[in-house]
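Take a look at the structures listed below.
Two complexes follow with chain A in common, the first pairing it with chain B and the second with chain C.
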Partner chain A sequence: MIFYASKRILFTLPIMLGVTIVCFALVHLAPGDPLVSVLPPDASQVIKEQMMALYGFDRPYHEQFLRWLWRALQGDIGTSIRTGRPVSTEISKAVGNTLMLAALATAIGFLLGTLFGFVAGYFRDTWVDKAASALSVFGVSVPHYWLGMVLVIIFAATLGWLPPTGAGPGGSEDWKWNWVHVQYLILPAVTMSVIPMGIIARTVRALVAEILSQEFVVGLRAKGLSELGVFGHVVKNAAPTALAVMGIQLGYLLGGSILIETVFAWPGTGLLLNDAIFQRDLPLLQGTILVLAMFFVVLNLVVDVMQTILDPRIQRA
Partner chain B sequence: MQGISIALAVAALFAVATLPAVKEAQAQSVLRIAMTAADIPKTSGQPDQGFEGNRFTGIPLYDALTHWDLSSATKPSVLIPGLATEWKVGDADKTKWTFKLRKGVKFHDGSDLTADAIVWNVEKVLNKDARHFAPDQIGVTISRMPNLVSARKIDDFTVELTTKEPDSFLPINLTNLFIASPAHWQKKYDALGSVTDPAERAKQAWAAFAADASGSGPFKMARFSPRERVEYARNEAYWDPKRRAKLDRVVLLPMPEASSRTAALLSGQVDWIESPAPDAVPQLKQKGFVLYTNAQPHVWPWQFSFVEGSPWLDRRVRHAANLCVNREELRQVLGGLMEIPKGTVPPGHPWWGNPKFDIKYDLKAAQKLMSDAGFSATKRLKVKTLTSASGSGQMQPVPMNEFVQQALRACYFDVELEVIEWNALFTNWREGAKDPKSRGANATNVTFAAMDPFFAMVRFTSSKTQPPVSNNWGHFVNPEFDELIAKARTTFDDKGRDAALARLHARIVEEAPFLWVAHDVGPRAMSAKVKGVVQPKSWFIDLATMSMQ
Partner chain C sequence: MTGSILEIRDLRVAFTGAAKPVRAVDGVDLALVPGEVVALLGESGSGKSVTLRSILRLHPENKTRIEGSIVAAGIDVMALSGAALADFRGKTVSMIFQEPMLALDPVYTLGAQITEAIRKHESGVSADAARKRALGLFERVRIPSPERRLDSYPHELSGGMRQRAMIALALACNPKVLLADEPTTALDATVQVQILLLLRELQRELDLAMIFVTHDIGVGVEVADRIAVMYAGRIVEIGAVRDVIRAPRHPYTIGLLSTRAQGGRLSGKRLPTITGSPPDLASLPPGCAFAPRCSSATSACLEAAPAAVELGHGHAVRCIHTAAVA
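Take a look at the complex of A and B:
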């Protein structure tokens, strides 16, 4: 087990290096001016050149990359050009907010997704299956920013039951786990949960249907095991794959949804990325992409290891 | 019965839970504003995020040497004294300006405003050796006052500013130099004793200053949550009694999505939204919200190319395009949220100048001009225009450009629109029409502010502002215009300078280096509880005069 985990950790190192190269290249290859956030378009060429030199953007790309990588290895992923604040501070605050949202959205998505998936798989080809499958297809297909706007129109603008935007009446810095604050979380979390719900439901349905058709289930029933007991075996067999899918979905959600966080003005990584992109704030953009990519890599690693614990056959494969 | 009791208990719990927020709002007069910006504009004294930054984190928190008069909705917004009570250019040396400072002005931290503070604020962007040099503030400051080179204290309340060449626009430019408190910055700097690198220490001191800013404006910063909100409290000791704030607090929230802002207003989360979604305007009005609009010094144009081979080199073609667009129809398409342009500035403005060419819709005249230029329904003129799908001040670029494209078909134009990313379009504005990144376009659609003569006119028509120096994208070169600009720049009495600028504006309209399509009207929707709102003919608005009923 330790050997397997060490091997997987070792494999992640070149992936991480690749991630740093790709994220550096992507932000520098995109069109636009890296100083657009601090330099208006009407600024003269002289000022532009002066600023490019001050921020080090006049140096060759490979030199910029190596300097950035060296600092990143020491834990310094730079300072936002626009605000002058450390990128790490900006990201840690945003990640905390997105984590809160993603965890709730994943919990909702996983609970409903597995419920719909198991029900649909267990009662396959009945109206229950069709209804549950329709819901999961809706979850996968519906544009979530559209759903977010519709929910805002219904529950905030029309009924006035829930607040439409923000992370609490005083912002996320005053966050408390009470109704006054939690109500701000409901609409974005429900909107965000729809996609993982649909994906998990479809995956679990297919898995359950497949497991139920296997011979060992016939054997269990022939031995006289109750349906609840059989169900338990089905759950145990479906769990590793469902967990892997949930892990990937959590990874996606941790990246924050640019559209959902923008619609709900939720101060997470999606909104941070949106702002960094539009402001062409390269250190912030680079740092945020790097941290999110690393999250994804680490999360996949954790899921792989957990899968191995749940199903030792994976380790042998 | 039991069910009813439970429902009542839940309702009571809900009411109790939301009570503190409601009570707080009622106890104080709090104005909550949703901005279009995705983040809070910089609060360190030189705001970013375009003029929305000046509007919300510049003017309320800070003063400048000169101010815009924002007190009238009907008259043009003109220059008035701010921290300077009077100013004059040197009799012999026209590059030296003397500014007399207002006495008794205090910063929010209690320190006094003196000439030293003005010198310090100029040096923050011009003196690389100054301890408080702020590279991130250079762009938004120097680009708005390109000729300012230094500041010198004459006495405690007199300061001398020097420009690199005679420049009568300096007092107008100085509305953008917001004066921050040197003493307050020094406190932040002193608290960072553990940081050894002086540049890094200064940078961190500015970041700390931005989170706890100190200017001398009618509002003081009360709370700052990066990327989420900034709150202001009233500055009881503000020096101008007419602008002493009536509101207890102002809360500013970044909310870039128009439908979210609209929902926030409809649900009572905020009292004021900038730029409501046009299709939501009827609903907002129906629900009792008030829509404020006024002509802004804003231009939504096509800026023509004058490089060799451009179809716009012929003035008849440029005039034809300007006569071929039915702007009244476009206004209806935009739900009334635009002003019909007659030039870069409107009639009645001090720089108007009565141009001989009248920008209006006259299809027959346009077609005749095109026929005279050698075009017809069978011999059509191909033109290509760059635009973006979104962007600051661009209003609704794609539907508006498609409207213009359709309109120009009647005047024998075949318009190809190339939609590119906003930052790429913005950057290309200074690369110019000759640059390969212009993709062979003959016009570009970048909107601009027209508050200041340099930004409204000079940068588009001077031979010295051709790319990459500034935004004369189309390489419009005409010695007559260079002379008019030089005359305006070196006329130092206000009336004489305005008359020279009026001559320049009249000639610009006559030569038509633009297709003038629309002026924005700066729509903002507010709760009827917000009183004392004056929306001037400006990009800015004064929060200090407002109150909550």
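Take a look at the complex of A and C:
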């Protein structure tokens, strides 16, 4: 177990290095001058060169990369050109907000998704299955920003039950776990949960149908287990895959849905990324992508290790 | 038959999932006394496994029509449902499957799967006591280092060991009847013999009645007291092993026995075969199902399904030409 975990952690190191290279290259491949957005259009060549030297943009690429990587390893991923604050500060605030939103959305999506998936898998080819499947297809195919707007129209504008946008009376600062703040979380989280709900429901349905068709289910019945007892076995067999899908979905949502966070003006990583792109804030963009990619790598690691705990066959394979 | 532990009367099983119902079992009568082993012999699709699974009512209920009567140890199996059916399965009658790798849950340890069965059927058995019994069972089926193997997962064992574990699971709650569905088919030839001997030994020690499904005549002869030959959902010939093997009376049995490679005696010649192929179970002919492939068939064979002809000593044959063939 520990051996497998450490081996798996070692495997992630080259992946992380690759991620940093791609992050670095991606931004420099983009056309245009990184300073174009901070300097006035009529700035003199001397000032331009001074600024380039200040940010290190005049060095060769590999040197820039190594310096950037070295600093990143020490936790310094640059300074936002726009705000002048460290990128890490900007990101950690946004990550906290997105994490809250993503965790809640994944939890809702996982609960509903597994419920629909199990029901559909158990009652395959009945109307229950068709209803559950229709709902999950709706979940993966409806445009989420549109769904977000519809929900805002219904629950905020018409019914007035929930606030339409933002992250509480104090904006992105000063979040508290009370109803005044939490009510801002509900609409974006529900909108966001529709994606993982649909995907998890479809995966679990296929899984359950596949497991139920296996011989060992007959074996379980033959040794006298009740349907409830058999169900327990089905759950444990389905859990590793369902968890893996959930982990990957959480990873996607942690990236912050740019569209959903923009619709709800939720101050998370998606909105941050959106702003960084439109304001050509290269260090912020680079840093945000890096942190999000690292999140993904770590999350996959956690999911893999958790799977081996649930399914012993993976570990030795 | 009086004193029988298992009695099947006119069992008919049809699968209704397809457009036309498939009559997989078409009137099977079979009775076993305690401690008796019957080999159910037949080719693929002859209905032997379907018969076996019907005894535990393992067919999906919404897609299966099942008629006739099955009484096991005084229990009317056809009347069971829900919790009573679950109590019956594995306790009165238990089953060994062809491929233990597929028939055991891959994500539970073998020990957990056995103790689960014990504690399901005998309330009040502690986890420790159940584990001790599982250990005893593993020793009984001669799994080496049984203590460690209880904590193994099915994929960590060899095929032979897995089948031993499957046997241990089937015997966990001291059943009276053991159903074996081709338990040696998926194994290596050398391992087959070991498992066969083990089964035979345990069956004698525990005085179990056993139905042993196989398509291998040699295996059937080795393990059984009586042989029942199935064709297209019916038992066409049944009798003591020596009667059926030495003096087969149904043309199908005769054909089956002649197709065996008799050591080196037929070297250089083609193996004899039964020409044609088994009938479509969705559209069985009204008469004898074997008639289209039978060399002694006459027009009378096509009219009605032949009744069983009793030849003495429990040797019975479903063929109207029994006298002529003999």
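One rule holds in what follows: the second predicted complex is superposed on the first by the 303 of 317 C-alpha atoms of A that agree within 3 Å, B and C clash if a C-alpha of one lies under 4 Å from a C-alpha of the other, contacts with A are read in each partner's own complex, and residues count from 1 in each chain.
The criterion applied here is as follows: contacts are C-beta pairs under 8 Å (C-beta built on N, C-alpha and C of every residue); 3 or more make two chains touch, one makes a residue touch a chain.
None of these values were measured; they are calculated from a predicted model.
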Chain B versus chain C on the shared chain A, clash or fit?
fit
According to the stated criteria, A:111 is in contact with first (chain B), second (chain C), both, or neither; which is it?
neither
Quick one: is A:54 in contact with chain B, with chain C, with both, or with neither? Answer first, second, both or neither.
first
Across chain A, the partner (chain B or chain C) reaching more residues is B
After superposition on the shared chain, which partner residues are touched by A:225: those of chain B (first), chain C (second), both, or neither?
second
Please work out whether A:26 is in contact with chain B alone, chain C alone, both, or neither, and reply first, second, both or neither.
neither
Quick check on the superposed pair: does A:13 touch chain B, chain C, both, or neither? Answer first, second, both or neither.
neither
If you stack the two complexes on chain A, which partner ends up touching A:149: first (chain B), second (chain C), both, or neither?
first
Here's one for you: vertex at chain A, rays to chain B and chain C, all C-alpha centres; what's the angle to the nearest 10 degrees?
160
Shortest span in Å between Cα atoms of chain B and of chain C, once chain A is used as the common reference:
40
Interfacial residue positions of chain A with respect to chain B in the complex:
31-33, 35-45, 47-48, 50-51, 54-55, 79, 81-85, 90, 93-94, 149, 152-153, 156-157, 160, 163-167, 169-173, 178-180, 262-265, 267, 271-272, 274-275, 278-280
Chain A contact footprint on chain B (complex, rising order)
13-14, 17-18, 20-21, 38-39, 42, 48, 135-140, 142-144, 146, 203-204, 206-207, 210, 225-229, 253-257, 259-260, 262-264, 266-269, 420-424, 426-427, 429-430, 437, 446, 455, 459, 468-471
Touching residues (chain side chain A, partner chain C) in the complex
214-216, 218-226, 229, 233, 236-237, 240, 310-313, 316
Counting only contacts in the complex, chain C reaches chain A at residues 53, 56, 58, 83, 86-91, 94-95, 97, 99, 102-108, 113, 116-117, 120-121, 153, 155-156, 169-170, 172-173
